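Structures follow.
Shared chain: chain A. Partners: chain B in the first complex, chain C in the second.
Coming up: the complex of A and B.
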């Protein structure tokens, strides 16, 4: 009995904190995305650019983030895993992480005109060890080449 | 040292190629920070200490790659790629690789 109560309290608590943190994070991401909406222009995959202007600076820019789910999300996902279908609780974690990493990369290249060939690389930090027990931690690196005109 | 992740350096021409250069690093945080991250793991959100770890690891890997390129006499590394893997809990491997080249300004 005590175990069940403890589990319920833990689930309730992590649900509240997780939802609160996620909401705040999404608001923060949205605000920063709006602020960076047009500069620098980001281009996935393109390796060339068409201009005759002189190039002042070329550099590799990166942005990295490690994001984790919470206990509640993990619990819901492990239940859903039985029946299959979309694991929406994990989708939002990955979405947040990728957007955050991209934003960090773009913030580092604030003065640049273009970021070309942007790539996103991700790895689960603790998936390999008792995946049933642990909450996923996802490390994401976004990188690209920033080009600044004279 | 100029780094790009495309096949050329914009505004410059490649005069010599030296081949593959790599840099890799596996880093871990101390147990106290691991414990803190474990707690943060329950409530959710970004794990700042691990982000820091990843940034350090990335810088280290890139600087090792640059050193190798410098020893070859290159002044740029093109086609840089990052690969990450998880070695054990609380540790991250970052592997950076690219082609070392010598570039000169166009014209």
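Coming up: the complex of A and C.
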């Protein structure tokens, strides 16, 4: 009996803290995205890129995020293992991670005019061993080439 | 043109389509309800199979299983011969009343050194009375009720039934176990609660059975009512506690007994 009470308390607590933290994170992301809305422009497609203007600086910019769900989110997701369906609790995690990574990359390239050949990659960090026991963790890396005109 | 583009970007930032709108808490409640429903159906299925098989089991098979499952409790040598002799004589009055009790176990009665008021029967039909119960209950009608309650468990084959449903459900739930500790724990806890509900149902059935026996023997159920009143005096835990316990609350049991005439 003690087990289930402990579990319920833990779930309730992590639900509250998780919701609070996620809400704050989203607000933070929105604020930063709006601040960065003009610059630098990101280009995801072109392999080759031409310009007639003189270039001052070319550099690699990266943004990395390692993100994990909270206890409640993981619990709901593992319940979904039985019933199937969209893992909505992980969707928000992934969205947060991706936007945060892109933001970090763009913040690194502050002052640049363009980021060309930007790419996003993701890696599961805990897949190799004992994946059942540990928390699902996801690393998201955004990288590109920042170009600054003279 | 540029203005339009900016507005579109702002729109994308504010209305995120990548995240579901559903509330995680609501989702959690729905999923747990689904899990409970599945387990509930599973238990109905297990009950049906268990009762079907056990009610049709021959006596030899039944006794073989019961002997295999009985725990090897070493009873203390009986010092209070008077009590045991009284109980034996009551037992000999009860057994001719029910065909289910005849020709099976001999129902030996033992006393165990324990302070609380309790009595229980092992699957193979050995009955144990605690020292506390024998000290505090001297009335023959009350003892008859307790003894008939324990024999009722045996007559209804309650041990086998609760064991069989646990085995069947454990077997099936191990198939759709996800290997996740939390989920296994949740399933285990739901099963525990369900098992407690089932146990309370069995206790009520045994109470009714014992009540019937007391009526046949004495023409009234004063012994049963007295016994529960005694228990009520000793009991301190609040009423809602019964949902986490193997027995219904004494108040409810008293009500059940008083209602039946």
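In this section, the second predicted complex is superposed on the first by the 140 of 150 C-alpha atoms of A that agree within 3 Å, B and C clash if a C-alpha of one lies under 4 Å from a C-alpha of the other, contacts with A are read in each partner's own complex, and residues count from 1 in each chain.
FYI, contacts are C-beta pairs under 8 Å (C-beta built on N, C-alpha and C of every residue); 3 or more make two chains touch, one makes a residue touch a chain.
This one's a predicted model, so the numbers in the text were calculated from it and none came from an experiment.
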* Asked: Between chain B and chain C, positioned on chain A by superposition, is the outcome a clash or a fit?
  -> fit
* By residue count, is chain A touched more by chain B or by chain C? -> B
* Asked: Of the two partner chains, chain B (first) and chain C (second), which one does A:139 touch, if any: first, second, both, or neither?
  -> first
* To do: Could you say whether A:92 touches chain B, chain C, both of them, or neither, answering first, second, both or neither?
  => second
* Between the centres of chain B and chain C, viewed from chain A's Cα centre, what angle do you get? Round it to the nearest 10 degrees, please. => 120
* To do: May I ask you to decide whether A:7 touches chain B, chain C, both, or neither, giving the answer as first, second, both or neither?
  => second
* Is A:66 contacted by the first partner chain B, the second partner chain C, both or neither? -> first
* To do: Figure out whether A:17 sits in contact with chain B (first) or chain C (second), or with both, or with neither.
  => first
* Give one of first, second, both or neither to describe whether A:35 is in contact with chain B, with chain C, with both, or with none. => neither
* Per-pair minimum CA distance [chain C against chain B, superposed on A] in Å -> 13
* Asked: Where on chain A do chain B and chain C both make contact?
  -> 18, 72-73
* To do: Mind listing the chain C positions that touch chain A in their complex?
  => 6, 9-10, 13-14, 16, 18-20, 22, 24-25, 27-28, 31-32, 34-35, 38, 176, 178-183, 185-186, 188-189, 192-193, 244
* Can you name the residues of chain A that touch chain C in the complex? -> 1, 3-4, 7, 11, 15, 18-19, 30, 33-34, 37-38, 72-76, 78-83, 86, 88-89, 91-92, 94-95, 132-133
* To do: Using the touch definition up top, name the residues of chain A that touch chain B in the complex.
  => 10, 13-14, 17-18, 21-22, 25, 47, 49, 54-55, 58-60, 62, 64-73, 100, 116-117, 119, 121-129, 134-135, 137, 139, 141, 143-145, 147
* Structure fact -> Within their complex, chain B touches chain A through residues 2-7, 9-11, 37, 40-47, 50-51, 53-55, 58, 62, 80-86, 88-90, 92, 94
